[in-house]
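Order of writing sets the labels: A, B, C and D. Residues in every chain begin at 1.
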Amino acid sequence: MATEDVHADTEHLVHSDDPSHPANHICTLCAKFYQHGWVTGTGGGTSIRKDDLLYIAPSGVQKELMQPTDMFVMDFNTKEYLRKPKVYKPSACTPLFYAAFERGAGCCIHTHSQWAVLVTLLVERDFGSSACFEIEEIEQIKGIPKGRGKQGNLGYFERLRIPIIENTAHEEDLTESLEAAMEKYPDTYAVLVRRHGIYVWGDNVHKAKTQCESIDYILQLAVEMHKLGLPWVKS
Amino acid sequence: MATEDVHADTEHLVHSDDPSHPANHICTLCAKFYQHGWVTGTGGGTSIRKDDLLYIAPSGVQKELMQPTDMFVMDFNTKEYLRKPKVYKPSACTPLFYAAFERGAGCCIHTHSQWAVLVTLLVERDFGSSACFEIEEIEQIKGIPKGRGKQGNLGYFERLRIPIIENTAHEEDLTESLEAAMEKYPDTYAVLVRRHGIYVWGDNVHKAKTQCESIDYILQLAVEMHKLGLPWVKS
Amino acid sequence: MATEDVHADTEHLVHSDDPSHPANHICTLCAKFYQHGWVTGTGGGTSIRKDDLLYIAPSGVQKELMQPTDMFVMDFNTKEYLRKPKVYKPSACTPLFYAAFERGAGCCIHTHSQWAVLVTLLVERDFGSSACFEIEEIEQIKGIPKGRGKQGNLGYFERLRIPIIENTAHEEDLTESLEAAMEKYPDTYAVLVRRHGIYVWGDNVHKAKTQCESIDYILQLAVEMHKLGLPWVKS
Amino acid sequence: MATEDVHADTEHLVHSDDPSHPANHICTLCAKFYQHGWVTGTGGGTSIRKDDLLYIAPSGVQKELMQPTDMFVMDFNTKEYLRKPKVYKPSACTPLFYAAFERGAGCCIHTHSQWAVLVTLLVERDFGSSACFEIEEIEQIKGIPKGRGKQGNLGYFERLRIPIIENTAHEEDLTESLEAAMEKYPDTYAVLVRRHGIYVWGDNVHKAKTQCESIDYILQLAVEMHKLGLPWVKS
């Protein structure tokens, strides 16, 4: 894999026998996410922070076929690419992932889950375009933490709120409204993007992945509940 | 895997080349259950009794990635942990699994199946919160035994009844109502938990797994029948 | 695998390195059918005829875990079991499979597909209990042969008709009505069983498997069409 | 694999250790497409152009089990088969694939996706038989190129239009109307076939596969939107 001469030799950044090394881990995660229908086509993406290095899946690739050598590596402090595979473009999600890393995330996942898209459309029609997705009294909510710096996860009787931002023509232009949503909902670990998908992050890979699964489960359940005329919150 | 010094050396309890050894079996079962959407995030759990040892998957782990060394092992008679992996917390399902083991179960499975959640919501709305799920004249019902100590399985013309209990803030607080449901429906091998999922058990691993599959099939079918306006029981 | 002393040594009947040997083939097919949701729990079954030997999956086993040594082998002419694994019961489907083999089938598949069950319920409600399932002008219909002894497959503009028989308390009691349906619809390669599933057969394994897939595809499509208010036949 | 004596020795055309060699690549792609439900039974097909050679999956085979030696190889210029496995018939899709290759495609995929079939039925009922499928403001649209010879992909605010042609009794008879649709919609990379499925092509294998996935995602989403009463285009 030819890379630009950003730094003399950067191959050591992506070569490891450890399956939990970010370059390897992103590949196994994305192969699993492909099975979930989260990264169809070349959609979606995943990024892991390890110390001050950000590992980011490239743009425009089949996510289930990625190799560790496909990874971009960015310095968190300088925002400079330490490694840039020549044949790929950096992910347009990079500034959005970065916004999560700045707020303490260790891993950030972007999916095009159809359940996410459908929920944003249902919320818009039923509650208005400014509303966020809200649901309560579903056990799986307990898979989502209370918020950054807070102890423990949401309780069964607490309401899960996920803000929704409007989609833009270019993915990087979502950054401002994503950050605004993060400020307005400081406890959230996810932001829905209308007609597009969702960003989910967590303190580490384990948390980001399981929180993304829990939220996707809840979004799917919410769509099925809507089909059956079952309300998301008790009035 | 560091474990607490409950007993000097407990590693032999979880090391075996036999795929049907509980520590191995729980791992392969949970990997399969992950494919079924039963243990999304870190939800759900599985426990196997072997003689007087209870093997229990830990809390808060990705169920499809578990290793035999992740298992908790409890003495059935003393309820004392013989093995307790330091990095994990015991499953909050433990007292619920225990209630099934006390009633003769050899294996107990807890899933967050969306079909289970949706059926509990449909029953509540259509028949009231005190009702249990009832269905009849579906061939797959014949996959469920008549009841503990009774010979054979339910017949095609018999009605399957699965009690539903209300969810609580903390999983262990379900124990009392689960046991009450087990007393009220002594023939049942499953209890639904509203807005949460289901507990299914069986005399051994084979039975618990196939009964859980049969019941989940029936719950999925029931949701689809409801969407199509087809009644669950003949009036 | 201990077998009854029907014949001195019958192990050679199920030991082969050839993946297309019936004892091996039934195992790989059933593992695939499990993924399709056709043999959930211990439901469904598969049987292959090779010359005058019938290979039949046993009753009550997890179909995705079967081993070649689990197979029953029956002599087609004498209906005598040449091989009978002691730990299993013969499949209750055996007389139904036999009815297909008598009519020239080389392989017969029984599934508990939910699409089959739902279609039988929709037909009963919308067209009456005596009606058969009918659909036309769907490309996949071309995957089904015109009928035994007839050249080629159904055309796109031809109507696919699959008879439906009523379920009975005991699977073997379906034989008479299955045979009656085979007589009334001599061109059919499938019979639906109300609230139960479907039997599909074919001249050989390839045909039975692909016809079963094509029919299941059509049944699933028919359920989705019904949800969307789209008619199955042009009036 | 016996082949007709079209040319003395054509085995070298399909033997390669390179997984991206067309004969190998078609096999791995079709195994994946089987998982997607695109090539159920023996439906659907895939063809890759490499220089002036067209590699085409045969007719009537189980697509998930294909071997490289099953491939037909045609000379693009002479339309002559260079390799023709004796046991198979050439795919009836061949002239349709050829129409795409004539217009610059490097790979063409034909699926029987149920979402494609359902969308063609919904469009016919709701907008008339002459209408094409139209959708806008869905992020995944950005996975589809603007059109042959045009730079880049569709924008989020641009409308995706996929023409629909009527099905015919014989697949090869679709060629004329497929070509007419290609002329009328010169920017399209896909043509839907009513009650049948879809043809999707791309400049190379990567593009054809990811475009087919993106379009299938959009078609599935469109069906789910219709169930929920959500419009495909803003009026």
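Basically, contacts are C-beta pairs under 8 Å (C-beta built on N, C-alpha and C of every residue); 3 or more make two chains touch, one makes a residue touch a chain.
The chain list, named the UniProt way, goes like this: A, B, C, D = Methylthioribulose-1-phosphate dehydratase.
Because the structure is predicted, anything quoted here is derived from the model rather than measured.
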Set of chains whose contacts include both subunit D and subunit A: none
Partner chains shared by subunit B and subunit C (touch criterion as defined above): none
Interface numbering overlap (same over half, different under half) for subunit C and subunit D: different
Most remote chain, CA-based centroid, reference being subunit A: C
Distance between chain centroids, defined by C-alpha means - subunit B, subunit D (Å): 44
Chain centre separation in whole Å, for subunit B relative to subunit A (CA means): 31
For subunit B, residues that touch 2 or more chains besides their own: 227
Interchain contacts (touch definition) - all pairs: A-B, A-D, B-C, C-D
Subunit B residues touching subunit A - in the complex, by the definition given at the top: 37, 40-43, 62, 112, 114, 117-118, 121-122, 125, 167-169, 193, 195-197, 223, 226-227
Subunit A contact footprint on subunit D (complex, rising order): 137-140, 143, 155-157, 206, 209-211, 213-214, 216-217, 220-221, 224-225, 227-228, 230
